[in-house]
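Chain lettering (A, B and C) follows the sequence in which the chains are written, and residue indices restart at 1 in each chain.
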């Protein structure tokens, strides 16, 4: 039981890391960033390439993967979202979905449809007791998430940059007229969110020991569910809801009547939440 | 390229055109973006398949039942749209797609992952009609759908739907009960989509859960956006072009989703009104031509 | 302090009938501690043009929204033609005869100008299931739409998509669309903003024409000359409260109004 819970928490970390980027973009631009999933897969592939060709170190591949995702994330904003900001609201949404689908195919064509294994050797803490096994990878994921969210929390609440970011989420025009470089803020926003998505991709690739073109799909659908549960635009909400969702999926899947596929359960929960609490469970 | 092959392409293109006309009412008129229309398609196809194989009905006797049921389920699936803002409706429709796929895959009643097979071709007067006959049936349903959609585009209902889609506050201030029109749109849309599902189930002869995946929903939306949101000509054009092109250029088959995805993004950013939509590419070209003509006449 | 508009007003007031078409009692609307509208009483007579002025953030648009039903008041009651409409949703109020325009023009951009007007004409039918079958392009309906389009002066561009119209025409189109619902009360939210002088004069003529149709009007406007010339009566809102009410002259000479709102502008206007 404890083991199931632990596995669920690890899974929840990846949901949360994905959802936080989505939530940051939604909080700032009111766009549902469907193409976010592409960055998760991209991070995993770049990390794998790095590991196979450049260096044996997981840390370097994690860094390079996150960096690549961050750059591509900003490019995505410049190319597909920024021209569509004044257009009707379905435009950025459909454009994002298009890029997402295209990216999956691009990965398949470039790297082939088959999964690659992701073997990295690294030293990290682990717990091995008869009742509970926390592998190094699992420990790494949990630590990474905790550190990432703490940094983000400090960045947003304690720094000048965070203040500007919060001002932009309140009112973009007002922020711009009070001298904040909103393009810079949006770019940083995309950079951070994308880097987190990329690192989530690498960590999950490490955890599952596989990298494949459609790996981003499921986790990104889950991330949608998470931002609904956690409340739109709320960053701590995303962290909590990510873990809650993963736990709920794992345990509901054990009950015979809920013997539906995990994503069906997740979306069912999402729709019910949207119906009864349209602003999300922890929404402001 | 044999006659039979062309016939089957034409049949499927017509089926997709019916489906896209249905999607057009929902996404083109009330701007409720559906990225889960494969679910509505699945409901038509599965209902018909069950009525034929389990209840022993024929094509003609099952058809009205299926269409009625599609409409009802469509309205039920549309209920979240009353509570959810437009951004999150998209997530809801994606969710519906996965839920419907999950249900068909995991319950034996729907045949599970093995699907339902043995959906026979319709007969007329006890005689099998063959692929040519079936194409003619599909074509006449397409023409019927186009006629209904054309007549509908002249009604108050379409105006109210478009008003709802563009600005709910403004629509309300003109006496439009926006919730009701969203439901009407779901009802009409799922009716036509259900009809497409029925025709599709019979022409394939079987239904499987993976026929109705999220990728299909993306394809449907691409067809509509490519042709032009909110127009009949755009919907039919989009369905035909995007279905037929990859069939004739088999070598793109491998890149199909890449091309669709990329095109969807490009078209919607550069030409939000599609190729044949209002204020779309064609409209603007014509406008430019007319202007040029007028200018040359002035000069001469 | 002398206002020229005085004579003109007395000529117009003949249209006003002493029948209350709209009565607001103690209407309140708060947003998380911000008292946008804080206990406003207001009456409107049939055929009257009421100017609603006040500095930015005074609660004018919020008040208008509570009348049109876009917002539900937190407290108080709204009576329209002897009927309590406090809890009615916006679309039902529209059917009863309250029409409005928006501060930021909200045309249906993918419909032609004519179709925009048609949407308004369907007001009474909208929502009915028969609206899905009834043709809206019958000859007599189009004729009636033409009358409205001529009234607002848009006949040249009636077949253009609303997205291609300039702001001046959009303002008129919005008014035409509202008129098409056959209202007895028209709420105009800053109809002259973004217009040049000529367009503003045309708009003033249009408002006069509308008044002659027997439609009561509540007009929010920042352009002083525009609102002072058109209105029979002015209500000044400040921080959600009514601080002055009366004829344009009375309000323009009210020291409190000059102090809190008109400021230098008011002095300039009055001199």
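As a working rule, a residue touches a chain if its C-beta (ideal position, glycine included) is under 8 Å from a C-beta of that chain, and two chains touch if they have at least 3 such contacts.
The shown structure was predicted, so the numbers you read here are calculated from the model rather than taken from an experiment.
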- [ ] Work through the pairs of chains, note which ones touch, and then classify the graph as line, ring, star, complete or other.
- [x] line
Open item on the list: Report the chain whose CA-based centre is farthest from the CA-based centre of chain A.
Closed with: C
- [ ] Could you tell me which chain's Cα centre is nearest to the average position of every protein Cα atom shown?
- [x] B
Open item on the list: Please tell me the distance, in whole Å, between the geometric centres of chain A and chain C computed from their C-alpha atoms.
Closed with: 48
- [ ] Starting from the mean Cα coordinates of chain A and chain B, work out the distance between those two points in Å.
- [x] 32
- [ ] Could you tell me the distance, in whole angstrom, between the mean C-alpha positions of chain B and chain C?
- [x] 41
Task: chain B-facing residues of chain C, complex - done: 68-70, 89-92, 94-95, 99-100, 102, 106-111, 115, 118-120, 122-127, 129, 131-137, 161, 163-164, 177-178, 180-181
Open item on the list: Applying the document's contact rule, which stretches of chain B touch chain C when the two form their complex?
Closed with: 151-152, 154-157, 159-160, 162-163, 166-167, 169-178, 180-181, 184, 188, 230, 273, 278-279
Task: Interfacial residue positions of chain A with respect to chain B in the complex - done: 30, 32, 80, 83-84, 87-91, 93-106, 109, 217, 221, 224-225, 228, 259-261, 263-264, 267-268, 270-271, 274-276, 278
- [ ] Report the residues of chain B in contact with chain A in the complex, numbered from low to high.
- [x] 27, 31, 33, 35, 79-80, 83-88, 90-92, 94-96, 98-99, 101-103, 105-106, 214-215, 218, 221-222, 225, 254-255, 257-258, 260-266, 268-269, 272
